[in-house]
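Look at the two complexes coming up: chain A is in both, with chain B in one and chain C in the other.
Moving on to the complex of A and B:
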């Protein structure tokens, strides 16, 4: 039953072949005909514009980036307050776990994509700082009789900052970066931090620049996830690590029901009351549901060319940390 | 042991109320999920522009949250507005019925006029004689430096007609100030709130009327309790439904004759406008 349907579909499509782009069409012909009338990557007859999902809405691809920009422009000021309110502070633990898994050593370079208000970068700087302190203490303990040269070297090179460690915060949204810079000033991070405006699908950096690439709660807002993954592969040094912290699928059905109820009932209300913006937070919870699950995303990372891809579920699958290496 | 269908149905509805079965967002989302290209707002703007559908649980949470937010920061007019919308269903229905039973109110419900600065003929109104509604309204807007364009849009009322009644109530608020002769300082606002609470019975007005006086100084509180308050309440109870009046056609009418027609007593005290707007209007 399905086979004649497929050939029929192929015949219908081949009629369009003369008018429309061949490469695109072949990809659609390969999949089943039913995908023509459903699915977010729809195809409207006569036009070449593809559409994608914006939460549960379907929008032309060109529009998605603009709408996501507006969402984050609106929420930037209250972003951190809302994060605390929505996750009851648990997002801090998730980000701490990301750093623990990363276990950065002093001297490495981090690219914090979609870093916005700087949470990951600040934690990174704290982490390498504490690592360096620990190293120094260990060195001091084993080295009780210090020579004059070493004392002199200590005085000249004593920097309490992160040393050669550098974190680059890259975000497409200037409002979020503005808020991030203010926070950095307030919390006293003045060395080792750069703020760059850039699109995750087209990073303004050379190849082989960074030791670690992170993207925390940002990749689901990107229009073409595969492109973002390819860019990540490009800017990482060989041996570099890709890490992604993102909301994912909850497997436990009971927890999933409560999580859905909590997301759809409470979070937009919190958005309205705290930030005065219902729709942005409705988009947030919808975009979480549209993101591929742990295994699918792992497959996408492997397809992009990363090795040793693994994921860690946190809070029962509410968030997952995916990690891969460039070799 | 099988559950009876009635019990099962009730339980399902209970789950539904708590949004655990199918929240409106998820329901609309599933409808959207199969669709092709057209960028339509699937779940918003269904009944009227700016409409956001909410489940009963969400309305309850919004009511509590907006109440707390409005109390903490009285300058959050949007929170006062949300509180009014989520708690005012019964009062809005009563208001709508009162409007329907009045011929002028009926015409308002059919024609749906909106009060906007752009729709007012300011030059014609300022040429009207002193003491007329139009002239006094413009003077009120000037003295207190307010404009009718800053009213929040209705979002959470799930009936298109009731949403209009709510919007009309918000836009007519400034005309209430004019009719009652009250400026937009704290005392004036509280007096108007008492009047509106007696008139409309909206829980948000009642709450504002109860909590507003707490912010007043003792001398003002005295004025309120001795003369302004009882007058506002009396007028509110006796008056015809103020939402049923087609103000846009009565700009030439004198304030006194309008007050008489609506059974509103003249204000016992004249309060001067200070020029600074008070927090928490409608």
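Moving on to the complex of A and C:
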């Protein structure tokens, strides 16, 4: 009696294995205690769940976005202070350089992805405003004989702001956007700025909307970088520019040693002292090391469909600005 | 000899300076840009040297992709040594694909061609915005691109000015070649060297007249250190072209002196033109006449001085021999 039962049982299990080998029932199988099944469970589970890096850890892809969200939720309040402390204020120069390379003309629309606290957008609005002022001064200089109508028009028009230029700050993290809005109020940016919650891999915008897409220190936190690049290509207008400011590979070996020592010894300590959060800043420096280097990332941007891709190394390669065009 | 000179010039052009100034080690970078370009080429570049297209100069420039510097070769027969060498590198699949509309859309051209189009369109906005990135942005918008695409030009205004100069030089070369053909066919008379130089410089300077108000700005842009090599190259090839069509085949020091003289004449005449307010720039052409006559006179004077010198030396030698005869020192004892 036992023998036929055993063979019957084995047949059932073999039937199970058949279905297993299709690879779709691994989750159901995972709860089964049978050893025969567990061998195949190991096989099919590996083919189903992809994993990615979270700093030097390896985590399932579904989890990375969540964990990144928690990191930035924790650091949001002290984000700007920590930026200044970690980079000794140099991050302001990096962002200024990004704007100089972008050289935006008045009237364009900027999408600042992973914009968080709004640094890039504020600089963009300032830059565009000063360009407008310069153009108006130049027009006034050449227009020496002013008519009464023009003088009257000057009295009535009080456009000193950025004018038609628009900046949209998009971030997946509501805390960062909250901090950004507070800063905008404090610093007096009230026109030309919008705050949108959105995922860089799935932007809540239509096609061909923006002239410039920037992502500053955000793309290494994205789970699927290629998708983010595809989305960037989608929302840009023809002729639009993709710009990415990101930590990158230092080529100089001497500088690299100092940089590594500084990153791994000092930055988490600063994080603990100033923000009370060692692990987030450990994640930060680890994620920098896991990001591809300048040439690889340039290849990825080209594969996404951008043209004239080039990069500019800042501070010896600590930071690189990649730029590509949708032509 | 002329072919050798043309080959040398073509070789110089192909080894042109890199236009994209990026503060990064260039060797891996260059291959990346070339890879991007090859991908663009694979997007069905189908334009050959199209006789209908007025910018026939730009097509052969786009095919010489190996150098980032756009070297405009107007005359097809002259561009043979240049473009045949470069066309071996770029596989232009222009016969295997047929476009639906039969015309060129943005996907079907290379980045260089698109850049050339933008810069040509930007020339219209120069009187309003000057030689600046704003003119390029305005032009990009008229072509249907976002104004952010002006960021493609890392040299900004310098790119625009150099493009304009290359365009003018190409037009000049075309005109000179046509005149040369006409002389060869016997339909026109051969001009004297002085007349030829004068006409060539006048033709070239007349191309500046539409932009004469903003030309000082353009000249100052050309004098920026990173633009000097390119602007000198354009100037020297233009002067070389003019002398070639004037019939200069010299291979000695004359080659250098003639080109130096013409460069001086051209630059000074350009400067005079900037502040000339006479009708149709008559003062400028009068100045040009005088300078060319100076050069011709100097050449004649040099020859005369040499002949005189020789005659004087011979006279002195004769006097010395006579003296020796008179004093009896010449006799052998």
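FYI, the second predicted complex is superposed on the first by the 275 of 327 C-alpha atoms of A that agree within 3 Å, B and C clash if a C-alpha of one lies under 4 Å from a C-alpha of the other, contacts with A are read in each partner's own complex, and residues count from 1 in each chain.
The rule we apply is simple: a residue touches a chain if its C-beta (ideal position, glycine included) is under 8 Å from a C-beta of that chain, and two chains touch if they have at least 3 such contacts.
Note that the coordinates shown come from a computational prediction; the quantities given were computed from them, not determined experimentally.
A.B. asks: Could you check whether chain B and chain C clash or fit when both are placed on chain A?
C.D. replies: fit
A.B. asks: Considering only touches as defined above, state whether A:64 meets chain B (first), chain C (second), both or neither.
C.D. replies: neither
A.B. asks: Based on the superposed arrangement, let me know which partner A:220 touches: chain B (first), chain C (second), both, or neither?
C.D. replies: neither
A.B. asks: Looking at A:257 after the superposition, I want to know if it touches chain B, chain C, both of them or none. Which is it: first, second, both, neither?
C.D. replies: So A:257 only meets chain B here.
A.B. asks: For A:166, decide between first (touching chain B), second (touching chain C), both and neither.
C.D. replies: Neither partner.
A.B. asks: Considering only the touch criterion stated at the top, classify A:286 as touching first (chain B), second (chain C), both, or neither.
C.D. replies: It touches chain B, and chain C stays clear.
A.B. asks: Answer with first, second, both or neither: which of chain B and chain C does A:238 touch in the superposed model?
C.D. replies: second
A.B. asks: Let me test your reading of the model: by the given contact rule, A:91 touches which partner, first (chain B), second (chain C), both or neither?
C.D. replies: Neither chain B nor chain C is touched by A:91.
A.B. asks: Considering only touches as defined above, state whether A:272 meets chain B (first), chain C (second), both or neither.
C.D. replies: The first partner, chain B, only.
A.B. asks: Between chain B and chain C, what minimal C-alpha to C-alpha distance in angstrom results from the superposition?
C.D. replies: 27
A.B. asks: Hey, which residues of chain B end up touching chain A in the complex?
C.D. replies: Within the complex, chain B touches chain A at residues 18-20, 23, 25-26, 28-29, 32-44, 52, 55, 57-58, 61-62, 65-66, 68-69, 76, 78-79, 82, 155.
A.B. asks: Which bits of chain C are touching chain A when the two form their complex?
C.D. replies: 20, 22-25, 28-29, 32-33, 35-36, 39-40, 106, 111, 114, 133-134, 137, 140, 143-152, 154, 156
A.B. asks: Show me the residue ranges of chain A that touch chain C in the complex, using the header's touch definition.
C.D. replies: Residue list for chain A touching chain C: 101-105, 107-108, 135, 211-212, 236-241, 251, 294-295, 298-299, 302, 307-313, 323, 325, 327.
A.B. asks: Which bits of chain A are touching chain B when the two form their complex?
C.D. replies: 37-40, 42-44, 49, 51, 55-60, 63, 257-258, 260-261, 264-266, 268-270, 272-274, 276, 278-279, 282, 285-286, 289
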